[in-house]
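What follows is a group of structures, each given as structure tokens.
The two complexes that follow have subunit A in common; it is paired with subunit B in the first and with subunit C in the second.
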Partner chain A sequence: MTFARRVLAIAWKDLVAEWRDRESITAMCFFAFLVLFLFSFALNGDQTLIRGASSGLLWLAFAFTGVLGLARSVQSELANDCLDGLLLYPAEREAIYLGKLLGNFSVILLVELISFPIFAILYNMDLWPQLPKLLLITVPATLGFAAAGTLLSTMTAGLRAREAMLPFLLFPMTIPLILAAVRGTEVVLRHESFELAMPWLKLMAAFDLLFLVGSLLTFEFLVEE
Partner chain B sequence: MRTDGAAGLHGVAPAVETRGLVKWFGAHPALRGINLSVAKGEILALFGPNGAGKSTLLRILAGLMRPTAGSAQVAGLDVGRDGDSVRRVIGVLASGHQLYEALTGRENLLFAATMLGLDRHAERVAKVLEKVGLEKAAEGRVRTFSSGMKRRLALAKLMLHEPKIMLLDEPFTNLDLQATKLLEEFLMTSKITGATTVLATHNLAIGFALADRMAILRQGRLVFDARRDDVSLESLRSQFALHGELWEVE
Partner chain C sequence: MTLQRIEQVLGVCTALGLLIGLYIGLIYAPPDAVQGDVQRLMYLHVPLILVSYLAFFVVFVASILYLWRRRRQYDAIAHSSAEIGTLFTALAIATGSIWGRPTWGAWWTWDARLTATAILLLIFLGYLMLRALMEDESRGAVFCAVLGIIGFLDIPIIHMSVVWWRTLHQPASLLKSGLWTVAPDMLMALLTNLAAFVLLYGYLLAKRLRLEGAKEELFNLRMELLG
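The block that comes next holds the complex of A and B.
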């Protein structure tokens, strides 16, 4: 019970701070909009090109905005030595990790949900009927990305070049997950049978499990010093 | 001088003990074989110039940093092996206030109470806020607080779980006269209840007034360690000047 309370307290703290400052969400939404807007110009309304590239562009925007959110999340813990304060509580390291993960996951998912209508307008797509299927792809992909990102952003927090190190470590690690998300999203956007997305969903579920278990096992050692 | 890691007062097992504690940051030695023993209920003032290793020693005792060599025990527990148990009994007041600026003063304390696994959160929080004189300001976001108010709130956070062992790094920085008095009272009250304090400070007068023992760190070595009864403020000043001078020469 105390474990769950601690997890929720950390996530609550992050979300309240984000809601009040809106620093990460504003920057992330702007960045997502910019990426989608620039590519919509580049593709010049060519529906053939859009059909081929849209899912990749969407996840390109999500991956970059996700890194931005993760970097800002750890930055807020570094201010005033709050990360030290967090590590000084007699709380299970797993609770700290899961709390941070829940906060990061919620913020990234929210930005993705805000980006969907922008994407639909810019690329002239009717996403509304596809939204439940899109969410079935987006939620596990975001969970895995946030799971690996939370671990790596905390691990690199003490480094001087942390902002460069985070994407440098995170992107190669999450390539299979992002590729699966791109393929799964492609199936949905092309209105193909969702059965075709199942192998990608399974791959994402496997990566989520791997990242979650791996992070829970290693977080304690990685945050020390 | 007591730098031999002897047992604490009256033969009681020490609350804090380090043996041959060494810490290197790359090629730079921060601590070079610290043997220290602080008895239960004792207040140790740790003096030293900037870079002497005071904060590093406190961070190792708090379990935030691993030593390169040697061992550290707090409340009889090995800091490296029993980190979680150590964190239950310690309270740390660091040079950074460790408060979330987007949250209100009260929210910060409620969060701390949850993380500390305390019961009766609201009641405890209201009590410590009253103690530090922040009950009216507590609904404001910490971002709007002055430096002194932030230090008071950090002090309130320290008071929440009434720690048995306190590790305080420059706790009097940015405190006004009233808050300094409050902290002094808290340390003396905690001492009566058996709490142990390791206090790193530049302020010789305050450290001397509060502590049972005084130690001076210089370049990662414990160069002076004496009981309060065996030293006057003047002799402490001359010791500090001597070691400060050596620091400058070297």
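The block that comes next holds the complex of A and C.
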């Protein structure tokens, strides 16, 4: 088996397990809906306020949902000592990291795709013509979030206070990413020239690169015996 | 014995340096033409933040060395330096806030540099919290080393992002190319205090490392007693 197939095998295992009970995805979608729903109460239902803040609200909802997904993903590895089993799998540590990353990335991205129509309906936005551009922002942002989240959730996995510690470590680190995603989405939703989103895309690329390379270099230390 | 001697000398130098720094900053240097005496906070604020950058750089280097060589001393240096750096960053934000209230009319603004510093503080608070919560000390050391490296490398990206987001803070007084625009007397006060705070950092680090050493010694003695 080549390196790529080992990565895919690990990601596939996570996705199949997720598909069998669909617990995470259901919980995450419902949570994203709830957050988007509740935000309109925070803004007192004011349409102009909501429109101004909509991209920020969308990404806050995704950030909360993403943390929920990462926490559940780690939870599933902790049950029945699955993590020890995973480490026995004859693959490089890098392949295990990339496999977990790919699994997390796919689940979070799927939830985001499901949330777009909910967002469009709740906040009265016409998203469909903008979808390709929106994806250009969403994919690198989700990749970086999943890359940082996979690394940090491995660190917090063994803690009793892991539900509190993961967001505490993850959110400050991913502020540039969330900021870039919010600004980029704003450019798209306001029908501004996509040129304006370019610096933010570059920033996301730098973030993704740092966390991918950094994680690949350090992941083996986190799971050593 | 010699190490203790160095620590003592360092302590005396630090105390002297801080006293001289206070004198130059509070009495010798003239008050700012526009801001008045409030500006004197700069002599604390700037050294604090610069030394905390130094401290986080030390965390970064010590973390790499720890992952590479696995010697406990490197981890102790990273841990101690992170604690001092976090304290100094918090103090820098506090002094900046006290200065900002009369000068900008607000305790806090969402300016680029303020925001980036606050994020830096949050990252290293997370670092210290992770360390406190890890039950297995050697695993905690490894995790924190990874966090220290990645957190440090994240700083330029955070900085870029918030600079693009907004900017209000006056440009750096010392960390820039070209001529310094600070008046000579004020510059002297600033540099004296900077030197004093670097000494203070060194002294606190030495003290903190000795504490770590004592902790380990105690642990070993206890193990010996228990057989």
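Note that the second predicted complex is superposed on the first by the 217 of 225 C-alpha atoms of A that agree within 3 Å, B and C clash if a C-alpha of one lies under 4 Å from a C-alpha of the other, contacts with A are read in each partner's own complex, and residues count from 1 in each chain.
Going forward, a residue touches a chain if its C-beta (ideal position, glycine included) is under 8 Å from a C-beta of that chain, and two chains touch if they have at least 3 such contacts.
Not measured: the values here are computed from a predicted model.
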First, second, both or neither for A:L222, with subunit B first and subunit C second: second
Partner chain(s) touched by A:P176 [first = subunit B, second = subunit C, both, neither]: second
Partner chain(s) touched by A:A161 [first = subunit B, second = subunit C, both, neither]: second
Which of subunit B and subunit C A:L87 touches, first, second, both or neither: first
Partner chain(s) touched by A:G214 [first = subunit B, second = subunit C, both, neither]: second
Touched partner set for A:A206, first subunit B, second subunit C, both or neither: second
Where subunit A meets both subunit C and subunit B, residue numbers: 224
For the subunit A and subunit B complex, residues of the former touching the latter: 2, 5-6, 9-10, 12-13, 16-17, 20-21, 76, 79-82, 84-92, 224-225
Touching residues (chain side subunit A, partner subunit C) in the complex: 151-152, 155-156, 158-161, 165, 168-169, 171-173, 175-176, 179-180, 183, 199-200, 203, 206-207, 210-211, 214-215, 218, 221-222, 224
Interface residues, subunit B side, partner subunit A - complex: 62-66, 84-85, 87-88, 90, 92, 94-103, 107, 111-112, 114-117, 141
Contact set on subunit C toward subunit A in their complex: 67, 119, 122-123, 126, 129-130, 133-134, 136, 139, 142-143, 145-147, 149-151, 153-154, 157-158, 160-162, 164-165
